[in-house]
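Chain naming follows the written order as A, B and C, and within any one chain the residues start at number 1.
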Amino acid sequence: MRTTKVLALCLVLLLAGTFSITAGGQQEAEEAGPITLTVAAGAVGQELVLAKEAATAYMSMNPDVEVIVLETPDLTTDRLGLYLQYFEAQSGVVDIYQIDVIWPGDIAEHLVDLNQYGAASVAADHFPAIIENNTVDGKLVAMPWFTDAGLLYYRADLMEKYGFSEPPATWDDLEMIAEKVQAGERAAGNQDFWGFVWQGNSYEGLTCDALEWVVSMGGGNIVEPDGEITINNPKAAKALDMAAGWVGTISPEGVTGFGEEDARNMFQAGNAMFMRNWPYAYSLGNAPDSAISGKFDVVPLPAGDSGRGAAALGGWQLAASKYSENVEEAVDLLMYMTSYEEQKRRAIVGSYNPTIKGLYSDAEVLEATPFFGSLYDVFVNAAARPSTVTAPNYAEASKIFFSNAHDVLTGKQSGAVAVRNMALDIEDLIK
Amino acid sequence: MINKKSKLAGQIIFWLLIVVMFIYLVFPFYWTIVTSLKTENQLIMTPATFIPRDPVTKDISITFQNYGAVFRNDTFVRGIMNSAIVSFSVTVLALVFGSFGAFALGKLRFRGRTFSLYLILSMTMFPQISVLTGLYAVIRALSIPARTSMILSYMLFTLPFTIWVMTSFFKKLPDSLLQAANVDGATSFQAFYMVLLPLTVPAMVTTGLLAFIAAWNEYLFALTFTSIQSSARTVPVAMALFSGEIARQEPFGEIMAASVIVTLPLLVLVYIFQKRLVEGLTAGAVKG
Amino acid sequence: MSQHRLERSEQKLAMLLLIPSFLVIFLIAFYPLGSVFVTSFTNRTFASSVETETVGFDNYRKLLSLKIMKLEPIFDPDTGLQAIDDFSGEPAYQDPIDLLPRDPFRYKPLREFDLFGTRYVYAATDPKFIQSIEDTLFFTLTSVILETIFGMMIALIMIKNFPGRGGLRVAMLVPWAIPTAVSSRMWEWMFASTRVGVFNVIAQWMGYTDGQFPFLTDASTQIWAMIAIDVWKTTPFMALLLMAGLQTIPMEVYEAAYIDGCGAIRRFTKITMPLVKHTLLVALVFRTLDALRVFDLFQIVFAQKRYSMASFSYYQLIDNKMMGYSSAASVVIFFIILFFILLYTKISGGIQND
């Protein structure tokens, strides 16, 4: 009998102990104003500051609303995983989600149709490609917040040194210049120098890069907006074979393990002539202590057989949760955060690429970030990944695409076999 | 004569082994420290240097900016507190419940011993990701606060571990101890905590340390359960939230600085307990 | 009569002592684990209102179906000899994609092999999962064996009395103390494919490579790099447990054996091994269990180049939202783990017998 008592006492004490330790934090989270809106945004330094400033500005205009900005992991799969747990639980704890450009189709059923709240009138001001991307079955499920597109970075100083006057207009030009500069720089003693670095790891980033090659070659958009699977064609195969030819010649063998940061690290250390990357690398490369500060420039990616270059569309949107307890207020906040003024502020303070066409001719914006003007065409013509048409299976479709492309890069299969496998697998998936 | 020579050779091999093992186990941590003392430009320079050096002049140049940035991060500093509370509670609970269970499974005769052992182990035989959704549903249904939910869910992997390890130790203790105590008029439970339990201290310290560290380092559950209640975030979650000034930029130096900082308290803990780890041995008694 | 009462009281005490553990199991494990089993027989979509249907063993069939088929050689119509494949430069065979069945699930080639002069294709309905099983098993077996050997060596060293052992014991535990999420990234950085990575610097310095070797993408080094990381990370775990096991060996036994003139190896196999057998068994069970469930290491270092079984399950759930399919993969992992545990206990003569 005594044993039982001792045991029971232990249990009670321990449980009471843990609950009392943990009770403190709970109360502070539940403290609330009349209406609390929670925005799940990125954890990135400046991005978070900008979001919090927007929240403060909004609260001063709407004193009855309290806005909480919640940090979420910068790692995209972790963030998606977290969002999905909320959606699965149909939880209203988060009112506004920051979502990737490839997610609207996959998670549309949990999001509010913004057209019903008067977003249609503003939508026309934004880039049509993004609005189309965010429209699922006629419902506008997310407002564009900022955009992103693939760019070609090149070393202007080395162009001059080796007697090239124009940045490469075609992939052939790029290969030629890269080869020559690489050979020259290595002869001059930099054994770590490479011609061209890009994102070749087996992940979503490769889908962007490979889509750019395929589109520039005229090989279609993998799956067209009408649902037709077009990837199985010789032009697409040629595009992949072309990239496979770079590996080990103008690009390091290790490029098949590269993400954005690996490429930037190499370019910024002064060890690469060309780099395919997103606009973020621009301001970092021009930081005062950077080895290449002031020595490089950006242009649109080179053209392939189609005669045009292509840039993959990236960027983030804001969406309102269907499970929110204050949908109307949430949409109001969302519309504020994606408005002309807000995007202008973000463009000037943080060089976030606006999604509103008018901002690319706004004098104040152009003064702060001059390269916006010359890249307007790149952003407006950026190729969207086929995420909405393949929804809700985009992630798998993309995986089929990038893992087959990766096998081409590592020499496991030819481009022709790869595009056939892609077509067959995607057909199995979405038919 | 020959014996002496072979003994000397044995000594040399012994020390050589220690050195090799030591390098393998410690070099990555050394590299972590070096990395944390480098700026981004020093990190990306080629070839990598074994001591932080300036990319241009090649002089030794050490920076503490990464550490400054880590300590300015409130989430991280609070994270250390949270991790300590959660890991400590998990360890205590697992050791108490575990030693109860292990005594029953290792020393008492009853039906279903083997079955119970397997049942307990089966808690931890699924990948974490697949039980996460169900667990999150339970936690929401019972509206358990974030820290408590971490403490409870970490039992999923710490409890089976403590029970299995402790059971194997209880089993090694001679039955005569228990019988002697019974003869002296002690109940089985008294025999357990007055006679047997003190004998398993090295095992308790070992399992406790391993369980503590496992709980300290858990990420996936913590990320989900603390996502709303940000004040309860633990260290691994806080570290996952580290990011550069600009999206996509990864502050590698800061992450490394943070990992040095979170590892140090654990090492102090190990140093305090390391004597207890070998308590059962008379020093130097085992001859190789 | 008294004996009987003693047994009954022991039984009662055992039940009481196990209550807390079973309470925990009931509270936090019963529903989540049970629902994984149940979900694995459905086509449930994660975070979606799509109607869930029971699909029987479909998920398992799709995960695990294998097929081996013979491939016919292709002859060049002009020469009458076997044609040469343009891409590989080797004799050409029929394309397996045309040959393999497509209903109800399409079989995809995993690899081709020759046997007695005939070419065969080894195909699976989900080659990525089959590949992940093969990779995870290889990874687990190799790293657990190495960890056990190293762990035993370290444990034998660490229980000795020598100057500086306290510091060494602390140093030994460092790898286990660093969160995997961080240490994996550290190793990824050390294995970098250029000379920012320390291994490329060392390899070049020793004259093996030109400082540009892609350790993590080259098929011959990929898995070994993973094993090196895992062995580094978990050897301390093994060493610490074995150390605890070693010290319950009564010293008199050793002394006696020493006086009897037993050699070091004999002492190890005859005395040390049988006595640490139990601890070793437990350590092996938990290491194997963790290695078979390896997740963050593969997710961080390999992205989606190669999968472990658990990272496959993760991507099926989070990326593809195929909860039923992902659960089925987890159940397969569960049974593979169970198989290993039963195997260990069988070899060591049962967990209950001494």
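Definition applied: a residue touches a chain if its C-beta (ideal position, glycine included) is under 8 Å from a C-beta of that chain, and two chains touch if they have at least 3 such contacts.
Source: prediction; values computed, not measured.
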(Q) Give me the two chains with the most inter-chain contact pairs. (A) B-C
Q) When the mean CA coordinate of each chain is compared with the mean CA coordinate of the whole protein, which chain is closest? A) C
Q: Please work out the Cα centroid separation of chain B and chain C, and write it as a whole number of Å.
A: 20
Q: Can you check how far apart chain A and chain B are, centre to centre, with Cα atoms defining each centre and the answer in Å?
A: 36
Q: Measure off the straight-line distance from the CA centroid of chain A to the CA centroid of chain C, and report it in whole Å.
A: 33
Q.
Residues of chain A that contact two or more other chains, please.
A. 3, 7, 81, 85, 88, 192, 265-266, 269, 271
Q: For chain B, jot down the residues that touch at least 2 other chains.
A: 43-47, 96, 100, 132-133, 137, 189, 240
Q.
If I count partner chains per residue in chain C, which residues reach a count of at least 2?
A. 13, 17, 20, 46, 194-196, 211, 318
**Q.** Residues of chain C defined as touching chain A within the complex
**A.** 13, 16-17, 19-20, 45-49, 86-87, 97, 106, 108, 192-196, 210-214, 216-219, 302-305, 315, 318-321
Q. So in the complex, which bits of chain A are touching chain C?
A. 3-4, 7, 11, 77, 80-81, 84-85, 87-88, 106-107, 109-110, 191-192, 201-203, 252-259, 262, 265-266, 269, 271, 392-393, 395-396, 399, 402-403, 406, 410, 413-414, 417, 420-421, 424-425, 428
Q: Mind listing the chain A positions that touch chain B in their complex?
A: 2-3, 6-7, 10, 14, 17-19, 21-23, 25-26, 28-29, 38, 42-47, 70-75, 78, 81-82, 85-86, 88-89, 91, 93-94, 192, 260-261, 264-266, 268-269, 271, 278, 280, 283-284, 289-291, 350
**Q.** Residues of chain B defined as touching chain A within the complex
**A.** 39-41, 43-47, 55, 75, 85, 89, 92-93, 96, 100, 132-133, 136-137, 140, 145-148, 151, 187, 189, 223-224, 227-232, 240-250
Q: Under the touch definition given earlier, write down the residues of chain B that touch chain C in their complex.
A: 14, 17-18, 21-22, 24-26, 28-29, 31-32, 35, 43-48, 50, 96-98, 100-101, 103-105, 108-111, 113-114, 116-135, 137-138, 152-153, 155-156, 159, 161, 163-165, 167-169, 171-172, 182, 188-189, 202-203, 206, 209-210, 213, 216-217, 219, 235-236, 239-240, 252, 255-256, 258-259, 262-263, 266-267, 270-271, 274-275, 277-288
